[in-house]
Amino acid sequence: MQMKEYKPLIVAFCCNWCSYAGADLAGNNRLNYPADVKIIRVPCSCRVNPMFILRAFQRGADGVILCGCHPGDCHYTSGNYYTRRRMAMLFSMLDYLGIERERTRVEWVSAAEGAKFAATMNDFVEKVTALGENKRLEDLRCKR
Amino acid sequence: MNKKNLREEIVLRAGVNPKKCMKCGKCSGTCPAYDEMEYHPHQFVNMVDTGDIEPLLNSESLYKCLTCFACVERCPRGVEPAKLIEAVRLSAIRKQGANRMTPNDVPAFVDEDTPQQLLVSAFRKYTK
Amino acid sequence: MQKITRDQLITKAVELLSNGTVSAVLGWKKGEFDYDITPAVFTTEEEINNGFVYNDFCGANFSKYLVAKTKKLEGKILVFLKPCDSYSFNQLLTEHRFDREKVYAVGIGCEGMADVVKLKNKVDGIVSIDYNDDGMYVDTLYDGTVKVDYAEVMAERCINCKSKKCVAYDELLGEDGEVIDSARFDEVASLEAMTPDERFAFWQGELSRCIRCNACRDACPACTCEKCVFDNPGSGVENKAPVTSFEEQMFHIIRAFHVAGRCTDCGECSRVCPQNIPLHLLNRKFIKDMNECYGEYQAGAEVGSRAPLVDYTEGDLEPGEVFERGENDA
Amino acid sequence: MQRIGVFVCWCGSNIAGTVDVKAVAQALKLEPGVVFSTDYQYMCSQAGQNMIIDAVKEHNLTGIVVCSCSPRMHEATFRKTAAAAGLNPYMVEIANIREQCSWVHKEMPIGTEKAIILGKAAVAKVNLNTPLTPGESPVTKRALVIGGGIAGIQTALDIADAGFPVDIVETKPTIGGKMAQLDKTFPTLDCAACILTPKMVDVAQHDKIRIFSYSEVTEVKGFVGNFDVTIKKKARFVDETKCTGCGDCVDKCPMKKNPNEFNMGMDNRSAIYIPFAQAVPKVATIDAGACTMLKKGKCGLCSKVCGAGAIDYTQKDQFIEEKYGAIVVATGFNPISMDKFDEYAYSQSKDVITSLEFERLTNAAGPTQGKLLRPSDGKHPHKIVFVQCVGSRCASCAEKGKEYCSKICCMYTAKHAMLTRDKYPDTEVYVFYIDVRTPGKNFDEFYRRAVEEYGVNYIKGMVGKITPEGDVLKVQASDLISNKQLHIDADLVVLAAAIEPDKSARPLATMLTASMDTNDFFTEAHPKLRPVESPTAGVFLSGACQGPKDIPETVSQAGAAASKVIGLLCKDKLTGNPCVASSNEMMCNGCSSCERVCPYGAITYTDKEFRMPDRTTQVRRVASVNPAVCQGCGCCTVACPSGAMDLRGFANNQIMAEVDAICK
């Protein structure tokens, strides 16, 4: 029996005003990126609770990426500034626990940056694929 | 030392960023030793920034700066030219045998009108 | 050994009770063993004289109790605040968690508290403890009386004490101390210097002991939520008894994140952990990161300050740069 | 349990080319809550929409999932469809299987698999959707304009001309602002008073406009459409309704030695005064600090000479409460203090003046009747030095200057230099500049005329030091082009002082919960697309309170702000976005975290009484969200540690359900 090719599971949270529109633009321009990426629409990147990210990992996601408007361009003026601080701290903590830092990412993608969106997703999927399945968060507790 | 390293070293030593200069010329407008100088304060900033430092190292201007810090006080951009001049001067006098002033030079300056403090500070300034 | 004595505290408590300033006193009383001290509320002079204790095992941070006690009580309650506790006190005031008018706070200096676990590791079969100037004299079942130096059993949080200064009080007993330039982040830094694999192994070793007893949460003065998300069926993360192994990580990470910027680093979480998991290292990681990225900030140093996670500047570091910063430091 | 219908769109071959739509419909039929599932070529077509409406009726659907193009495209369409079918429009969720699936993936099995997962996520979300109704709030059809300069005047006139009542609140005794102090305006050189004063008269005579002069806003409550504002009318000790502005009192007042603010303190006025001849309202005001009657109870001359009997020494501050639908901030600017610029000897010499003082010196209504005379000795200056960028573009000295460019100085200095040379050709004029910035219609031509036709000496360089010596000012400066240090004995030096927002702006911003930048300029809701709106709904920005501006820019921004206000006041009711935050009071700790991150000031706290299980009551501080102000970003939901704050339409459990469905 042939081993099934490893496909990572990627959850992408995109803000409605910039990054989700950027993802739509990638579609309009037919810019390919792996189907492993599944997008969840949120009004603003600052809506993303660390709990959502951990929940995704809990349920088997291999990578989580957060996309929002560029700093200074937030539809709600300041949401992504808070996102930046929260995620910087959360990701640093995950790194501290020994979770591979390539599994988490924040990227600023504007509504005009369809190409950046596709490129970012290609790159992220490649990096996560190289890491393989996410076992660490699951295993953090179980010393074998 | 190559040009780039010299620039970096001087900028590091001065602790100021010549890139912040907006070329207003207030330093040169304010400088009391302006007419004595071959290269004026604003030129110092520009030449350090562009890495054109050799001419400065060889110029008498280095020793014309009174270090009165008027330019430091008044620079609107925090470039503080006197600190750059100081840093370039250090590059010059720190070379072997490049002391500008030796203890033997001091007696010649001693007279009733010259404050001792001036001699001490000049000695400090011109000697590594 | 504490400079402030039990007698001093009792005198003060009785004075305030009898002159009507307060109607209750929040203090410590002896538990099952000499080293096993529990918080208690006293309302009469008699209760105080009989039950009130104060010694090197009175580490409990009382600030949190004020949230519930001030709501229930008529009149003021007296609370003794060690420097650590005073930071939590201020932080809770910042969050409007209790009414300052209903509290009479007496600041007391602290010489550092003892760690029961450290003591138990040194001596077996503790019967009673005598506190003398030159050390504790521990009466044991097996080895007679054993003398233990205070320094030998001092709690980690006290060895790395961040401040001996009481930042909130109505009245101060003894002398006020200073904020200390402590080495409390050294252990975090040494963890940061490890490889991810080593870090992972370290935390796996620690967190695998967690039994989800919730003691850390219940003792934490920052965890005063009316309803904790982990107890709330509507939150989607409720889990009293863990279903998957993952839930403990989630619990500890989320808990650390929820108190990030609000944690005063009082160390109660680690003190109360029955499994001795160094939970303070999670909180200190957040504090260290926030200090380095957003400027020094001590939660509770003053009332009304704005915590780093509810603030921002336009030039903040990007999450990726926060990693790089670690790299350059190493 | 929901009864969900799934509708998979082919979008011609756009979706069906890469996604097996039938397989998607089949797969989703098995999901919990789904009772009906189908596919169709074009769901957004009339036929497609009818199909949805019929299915809702036939299968008693309570929720709809449309697997189609981006929700940014047709979410609104399908919400209307749902409404037409009698469903709450917010019971619709879209799975984006075109832009984010069929168009970016090439192989059918992969596209189909992903489309099914996206569909499952949408189904999982709809299962937790609740019907949402946008809140409605009435609109008070009256606008408040704070600041009576040219920005406030223009905004008020435009709003009033559209038929809405407007109130102007001005702290000074008269409206007119900085423009009233100016002499001529660049680049056309028409006189400021000639174009401004008719507008001031228009304001005074407009039946829709009320002026609260010598007044300030002290409290603002409420939200867009429903602001409750308290205005303090400071006691001016003159009954505005009786005073005719004849000026008899001003002439008779014995206390004549008070610095005249209008002339930048370069001459004096009496204790009872009218700022200038064309003041609106033309009513006298008593300076309480200077009047001996008010201070010591002696004098009373003005009261005796006043034929109208308007003087009232017992007048008190008056507080007026009024409701407004919209608020326009037009608080304007001031030149910064020159006291800290020792090198320019501003505080040492009367002959070193700011540009605004120069305006008064050349103004026919000014202290010298328009003759350019030195303030120190009244002599005509023959050598004038203008210094640009004094305190502007100052990165190192936050306590002295400002980091930004003040924008207007280059042009007014060119104007001053040109007018001086025009009126007094025997005067030598030097302008020291760092850069000359003239991006505006006919601006560069104007500056070049000053140089080429009027012979103004523009010198690239900066003045380093000014030393008063005898009756000259020794100016030491650099000339960077000729690489020389210049020494000029000037008779008069004019400093182009940086401008800063008025000091009243910061406390006002706090009252309005409108955001400000580090320089205390109001921030706009979007720097490009919403430049005259503040992020706080119902608060609009006009003029230099938002950033340095010249008159034409101010006037156009004033008009733009007015049109936004009119657009708002035209509505009878405001319909909100129903996807807003709401706080569960039972769980709220009252910790203020949410309030601190809310960019709109939508969150307020109240003490609320709760009945506890043990039948006692407890008073707790809890947050509540004003749905009319909340814009639904959700920042507060993450700041909230207890999870009491949630966002409707994007609730914690909904997003979590999507995550679960995707990660299964």
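A, B, C and D label the chains in the order they appear, each numbered from 1.
We take it that contacts are C-beta pairs under 8 Å (C-beta built on N, C-alpha and C of every residue); 3 or more make two chains touch, one makes a residue touch a chain.
Note that the structure is a prediction, hence the values are computed from the model and not measured.
Asker: Count the C-beta contact pairs for A-D and for C-D, then tell me which is higher.
Answerer: When the contacts at A-D and C-D are counted, A-D has more.
Asker: In angstrom, rounded to a whole number, how far apart do the mean CA points of chain B and chain C lie?
Answerer: 55
Asker: Can you give the whole-Å distance between the Cα centres of chain A and chain D?
Answerer: Taking the mean C-alpha position of each chain, the two centres sit 36 Å apart.
Asker: Averaging over Cα atoms per chain, report the distance between chain A and chain B in Å.
Answerer: Centre-to-centre distance between chain A and chain B: 52 Å.
Asker: Between chain C and chain D, tell me the centre distance in angstrom, where each centre is the average of that chain's C-alpha atoms.
Answerer: 46
Asker: Can you list the chain B residues in contact with two or more other chains?
Answerer: Residue numbers touching two or more other chains: none in chain B.
Asker: Quick one: which residues in chain D touch 2 or more of the other chains?
Answerer: Each of 597, 639, 652, 656 in chain D touches at least two other chains.
Asker: Scan chain C for residues touching two or more other chains and write them down.
Answerer: Within chain C, residues 229, 236-237, 309-311 contact more than one other chain.
Asker: Go ahead and list every pair of chains that touch.
Answerer: Those chain pairs satisfying the definition are A-C, A-D, B-D, C-D.
Asker: Mind listing the chain A positions that touch chain D in their complex?
Answerer: So the residues of chain A in touch with chain D come to 9, 11, 16, 20-21, 23-24, 26-28, 30-33, 35, 38-44, 46-52, 55-56, 59-61, 75-79, 82, 86, 118.
Asker: Which residues of chain B touch chain D in the complex?
Answerer: 20, 22-31, 34-35, 40, 42-43, 70-71, 73-80
Asker: Along chain A, where are the residues that touch chain C in the complex?
Answerer: 50-51, 54-55, 57-58, 71-72, 78, 81-82, 84-101, 104-106, 136-143
Asker: Help me check something: in the complex, which residues belonging to chain C touch chain D?
Answerer: 71-72, 94-97, 224-229, 232, 234-237, 258-259, 262, 306-307, 309-311
Asker: For the complex, which residues does chain C have touching chain A?
Answerer: Its residues touching chain A are 188, 191-192, 196-205, 207-208, 210, 229, 236-237, 244-250, 253-254, 256-257, 260, 282, 285-286, 289-290, 293-294, 308-314, 316-323, 326.
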